[in-house]
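The following blocks contain the structures, represented as structure tokens.
In the two complexes below, chain A is the common chain; its partner is chain B in one and chain C in the other.
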Partner chain A sequence: MTTGFWHQAAAVVHRDLLRERRRGDVLWITIPFGAIALLLVPLAVGTDAILLRQIGPGMYWVIVMLFGVLVSVGKASNETLPQQDASALLGLDPASGFVGRATSATLLLLIFEMVVGVVAVGLYDISIIGIPWLIVTLIIVAIGLALLGTLTGSIVNSTSAGTALVPLLVAPLSVPLLLGATQSYEGLRLGHSILSWVLLMVAVVLIVAIIGVLTARPLQEM
Partner chain B sequence: MIPDTSSGGGGSPTTGGDPLVKLDGVGVRIGSTQILRDVDLEISAGEVVGLFGANGAGKTTALRLMATLIRPSQGTGTVLGADLTSQERYDVRRRIGMIGHTPGIFPELTLGENLRYAARVAGVPPERADEALVAVGLGGAIDRRAGASSHGMQRRTEFARELMIDRSLLLLDEPHSALDRDAVDLVEGLIARTAEEGGAVVVVSHDRDRINKIASRSVEIQGGTLS
Partner chain C sequence: MQAQTRNRQWPWVAIVLSLAVAFTLSMVSPADSVQGDLVRIMYVHVPAAWLAYLAFFVTFVGSVGYLITKDLRWDRIAAASAEIGVYFTGLAIALGMIWAKPTWGVWWTWDARLTLTAIMFFVYLGYLALRRTTDDPVVRAGRSSVLGVLGALQIPLVHFSVVWWRTLHQPPSLVRPDGPAIQDPLMLTALTVGVLAFTVVYGSLMVKRIELIKLDDRKVAIEQSIERPVAGEAVTVPDLGASS
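So, the complex of A and B:
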């Protein structure tokens, strides 16, 4: 990967963040809906503080997974064919484009995780423990979901199957991330090592990143 | 415009008097539909070729094929020396400009941001983006959102992009539509400049009279076949 590769990826990140700033899809639609989803759970299960404290972390990660994939799939599939053609004819390496889109989705997901996290802590009275490892987990999950969503978005863009494919593609690979995230928090709460769960999530991130980079060119031409 | 030596261009695989476009028995099938069949075409440096045909005849697919954006299902072809089925085609893409019916710019970005994005990806100094917009008469609209600009302004922005990045092959689909007299002059200037500097231009149009004035030759496409 040359300097040009990273330079192009940075240009795509800048472009995507500018587009998001103007459209506000994540800031004004996804984040409020994520917060509302967290708010609805206590209405459904009752306001038992002990129960809410127990299910809070799990609910938070489920919301992050569901909305996170929607954010990154949406970001990856919101380019028209003329826009894709124009970028290709600027010499944009498809792998560079993949890395750029995934990076911008990661940054947006980190914002999503933080805002929804504050809501979850407030509503469910979740204890914040092991802050350094918690931050590591949040970052890995954001990268993993962004890569997964970007890869899925690229496949959706390239095939006639369209969005029907999204659940089938996302479910198998997001399960290890969800498991890793929830078990990491549980491990931190109980004072256990969470290294194995972190490594599992890192492995998923690496696998999806490699698949995404290697399939970027073929997917562009399908 | 040939050879391209700027960063990101990937060099020039073309040599001597080789045609810039050479298609030999090329067919394109998309799904179950045969769009192009047995297309033979050579375009040399300095040529301006008019491409005519009815709606659905395969003109846009022919342009996307020459832009290396789709691969032939049958036959062989090279564009700027790169085989249409090989990885080489990625290296020549930066030297191919294409302007289609629908603008390939981002409506959320300003006209200036669109061109600066193009400049960064293409490895062109960013200051050339604003210069190019000034050159196409959009100097006063650099900060205007593309989505809030007229279709004509969006097309001018695309012509600015082609001015900013030296192209060896220019593929234009109905380039005169939605343009005022000044913009038409700009387009025809760009076509002439590209041909004079050793590039080639393919212009798809329904306006035969206008294209015949600027084209060195014309080809007709009917039912996916050139004649």
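So, the complex of A and C:
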């Protein structure tokens, strides 16, 4: 990978973040939607404080997984066919485009995780334990979800089903991340080592990243 | 003509014969000392689960084959196998639930093997849904082959879940480092024959399904090659009498 590769990826990140600043899809739609979902759960399962403290971390990660898909897919499937053609004609390397889109989705997902996390802590009275490991988990989940969403977004891009199909594809594939994230919190709570769960998530991230980079060109050529 | 008819019929003959042998053996094998006749569900459940792994592994191979060679034959293999795999995964889950109710007292339990199998089922349902989004065989093959590779990550996770986690589900019955878990020779024979019979069913269904996909692709190609009137062709420029 040359300097040009990273330069192009950085340009894609800049473009995506600029688009988000103008449209505010994540900030004004997805984040409030996630917060409302966290508000609705206690109305359905009961408002007992002990119960909510127990289910809070799990609910938080489920919301991150389900709504995080919307964040990453939005970035991946925003391009219309003419825009894709223009990018190709300008000589944009498909792999750097993939890396750029995944990076901007990661940054937006981190913002989503943090804002929704504050809401979850407030509503469910979740105790924050092992802050350094918690930050590592948040970052890995954000990268993993961003990569999965970007990859599946590229797969379904310009098909008749469009983005409607992406949640069906991403949700089952993100299970190792969900397991890793929830079990890491549980491990921290009980004082156990969470290294094996972190390694599982890192392995998933690496595999999806490799597949995404290797298949970026064939997917763009379709 | 006769040879052609024979070629068309052999998969069905193979399916009926192999299933008949497997069914007979599963009926004559003894009842289990603990589970009683419920154990007979195993003679269909285990082969169905085996077929699911086999089918999804073939989907993975077909997807990799397509990504490397760009030959549509690989894609047809992957697609046919995924369809059969989804069907047999559904069958394995349904039979497992029927067995679980009288044995465990519940239709479903949050066991690692069960949950991961259900997730694998949805991954390949997504694969099939993706294939329905376009008629173009090349675009369809390219997109679904990436998912075929990605989805295969679940297969080892499902199979080894009973080894890696403490689960309610039994460990593997046949493929184990210390030999098969079943000691009774008749039960072991019935199960092995069941697995072989289901493999024959898989092979036969694959032949038929690949043939159908090929015909379907040809039909789409013919439909696309037919020239149709262009929209608006019937509209003609009105004569406003400007020439007079």
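Quick notes on this one:
Here is the rule we go by: the second predicted complex is superposed on the first by the 210 of 222 C-alpha atoms of A that agree within 3 Å, B and C clash if a C-alpha of one lies under 4 Å from a C-alpha of the other, contacts with A are read in each partner's own complex, and residues count from 1 in each chain.
Definition applied: contacts are C-beta pairs under 8 Å (C-beta built on N, C-alpha and C of every residue); 3 or more make two chains touch, one makes a residue touch a chain.
Owing to the predicted nature of the structure, the values given are computational and were not obtained by experimental measurement.
With both structures placed on the common chain, the touch criterion links A:Pro132 to neither chain B nor chain C.
Of the two partner chains placed by the overlay, only chain B lies in contact with A:Pro82; chain C stays clear of it.
Of the two partner chains placed by superposition, only chain C is touched by A:Ala171; chain B is not. Contacts of A:Gly191 after superposition: neither chain B nor chain C is touched.
Looking at the shared chain after the overlay, A:Ile211 reaches chain C, while chain B stays out of its contact range. In the superposed model, A:Arg22 lies in contact with chain B only, and not with chain C. Residue contacts after overlaying the shared chain place A:Leu219 against chain C, while chain B stays out of touching range. Contacts of A:Ile155 after superposition on the shared chain: chain C is touched, whereas chain B is not.
In the superposition on chain A, the residues of chain A contacting both chain B and chain C are 160, 221. Contacts from chain B toward chain A in the complex involve residues 7-10, 31, 64, 67, 69-71, 87, 90, 93-94, 96-98, 100, 102-106, 108-109, 113, 117-118, 120-123, 145, 158, 161, 165. Of all residues in chain A, only 151-152, 155-156, 159-161, 165, 168-169, 171-173, 175-176, 204, 207-208, 211, 215, 218-219, 221-222 touch chain C in the complex they form.
Every residue of chain C that touches chain A in the complex is listed here, in rising order: 67, 116, 119-120, 122-123, 125-126, 129-130, 132-134, 138-139, 142-143, 146-147, 149-151, 153-154, 157.
Chain contact summary for the complex, chain A toward chain B: residues 4, 7-8, 10-12, 14-15, 18-19, 22-23, 80, 82-93, 160, 217, 221.
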